[in-house]
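My structure is below; once you've seen it, I'll send some questions.
A, B and C are the chain letters, set down in written order, and residue numbers restart from 1 in every chain.
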Amino acid sequence: MLSKSERKLTKPYNLPKRRSQAKHSNAKIYPNVHFASDPNAGDFCILGEPPRGKRAGELATRIGARAVIRSHTVIYAGNVIGDDFQTGHGALVREENKIGNNVSIGSHSIVEHHVVIGNNARLHSNVFVPEFSVLEDDCWLGPNVVVTNARYPQSPGAKENLHGAIIRRGAKIGANATLLPGVTIGENALVGAGAVVVRDVPAGAVVVGNPARVVKRVEEIAEYR
Amino acid sequence: MLSKSERKLTKPYNLPKRRSQAKHSNAKIYPNVHFASDPNAGDFCILGEPPRGKRAGELATRIGARAVIRSHTVIYAGNVIGDDFQTGHGALVREENKIGNNVSIGSHSIVEHHVVIGNNARLHSNVFVPEFSVLEDDCWLGPNVVVTNARYPQSPGAKENLHGAIIRRGAKIGANATLLPGVTIGENALVGAGAVVVRDVPAGAVVVGNPARVVKRVEEIAEYR
Amino acid sequence: MLSKSERKLTKPYNLPKRRSQAKHSNAKIYPNVHFASDPNAGDFCILGEPPRGKRAGELATRIGARAVIRSHTVIYAGNVIGDDFQTGHGALVREENKIGNNVSIGSHSIVEHHVVIGNNARLHSNVFVPEFSVLEDDCWLGPNVVVTNARYPQSPGAKENLHGAIIRRGAKIGANATLLPGVTIGENALVGAGAVVVRDVPAGAVVVGNPARVVKRVEEIAEYR
């Protein structure tokens, strides 16, 4: 398919020559960002971005051992993140979140501020998680899942009445599902792809549709037994 | 938790002055990336990113003539891409895909690995295409279309049972539609915006809703005759 | 709309040492980009990107006072943008748009070309707005809202028959909602999260579902009274 004139282009950076910097050569890392072991920070990342009203380096950022932070990711200052953290490319993590061990935040996903994420949580690509959400251990959010927190956006009291969703341990949210503000998704529940969840989902329930309705139990699915 | 080797990195730029590199001045291009003609690679792109377990330059990447790769795009090593390839800004193309001629992958769209994309396929903005999907010639995926491949995510056998969707020649998938794992969208079919497709769509059918149902044939739409 | 103190900023690579440019240290700013006051342009931004067929600097770009343009954002040349403009990270604004005062375009959102956006409009994260859309004053688009403009994509006359949606003053579009081409969302109407809007929504109506149906009036919601 390609012509014979293929050429090999070499990297145009003028990369720093020190071996110890090669791993995060084109990342911007602010002061007061602490890693438990030398991180693998991709190109064009920003780590320790100061939130509004804070000076560069004013808030400490702590990231555990063996972090892999892929290119174009932005992580704000003031996060406390466990070991074995991974992001895809272009992820955004705002300030003041508590994130457990072995968490993966996929490419282009956004986690706002004051979010709590448990161990082994998996956020796939293009996920949106607003402030005050709680994602417990072992939960899974598929591609393009959207969590919300404002029942009446732009109403006079909206900012004081934000209710993040609670996604209980082991719950799985299918691709492109939408969770309305303040809903709780019970333990090990399964939300179908494209569902719009407008009320709480019981533990172990399977819901689909718009609005989402219970159609069965996860125990009825052979693959989960 | 932190090692004593914490370091603050300062800005790493210092652009090369050579004219021939001006076209991809702020792109990072790894070794073993081959273009059939000098590419137009935007700023802050990464071309030839090594996938997990591979060294930089270990896998060849081949991109045809007249490629236009817009800023902040990441293309992994191991892709074979035809002529007249275009990406929007911030697109992500993982490794080991086969992509035909005259393909466009829009801004912020994600194509995972082991995907086959035919000639003249158009992926609009914010599209997500997982591994093992097949997109035939002349198909069109609108903004925020989400294709899936895991019927029971996080189940014990999920990784061994991934079934990408098959989008047949000339099919069109409306904006923000969701395709469930393994569905086949028939030739020239039209999936309405916001539809959630849970079963195969016959060739030439028009489907809408959640779950998507056939409402007419494309031949009944004057604009397509 | 812009003060007389507009200044032309040139690209800041190989950074000058002057303190006044420190604020946009790793942004790329093309010629003929004018700010009413020194902007806060984040790292890895591109401002004044030339659209297809235009030379760098050929089209003027005007951005009002006190702009905050966060990292990885791309703004094309030919935009006229008011005061107090803000973007999140990784936003994309194509060419030839007219954008009022106090507008916020959230992280990873995309605004195509020839869009009109009124004062105080808020676009949250991952929003997609295609060409020829009209967003009036005080409207709000939640995370992952998708607006469309092509009723029959890829049909022979599609490009000549694009109809952007019209979002009237004060209307609010819930998260992950989809607007079909050419619909008008009336003043102060509220579109529920996940709704698929296939026809016009009257002023003050509340619509939900797929397809979206009127379920009440905003006056019936205490929070909006």
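To be clear about the criterion, a residue touches a chain if its C-beta (ideal position, glycine included) is under 8 Å from a C-beta of that chain, and two chains touch if they have at least 3 such contacts.
Worth saying up front: this structure is predicted, and the values here are computed from it rather than measured.
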Mind checking chain A against chain C and telling me if their interface is mostly the same residue numbers on each side, over half, or mostly different?
-> different
Compare the CA centroid of chain B with every other chain's and tell me the farthest one.
-> C
Separation of mean Cα positions, chain B and chain A [Å, integer] | 21
Counting in whole Å, what is the centre-to-centre distance of chain A and chain C, each centre being its mean C-alpha position?
-> 24
Chain B, residues touching no fewer than two other chains = 11, 14-15, 26, 44, 72, 90, 108, 126, 144, 176, 210
Listed in rising order, chain A residues that touch chain C in their complex are 28, 44, 46, 49, 72, 74, 90, 92, 108, 110, 126, 128, 130, 144, 146, 148, 151-158, 161, 176, 178, 180, 196, 210-211
For chain B, which residues are in contact with chain C within the complex?
-> 11, 13-15, 26, 42-44, 71-72, 88-90, 107-108, 122, 125-126, 140, 142-144, 172, 174-176, 190, 193-194, 208-210, 221, 223-224
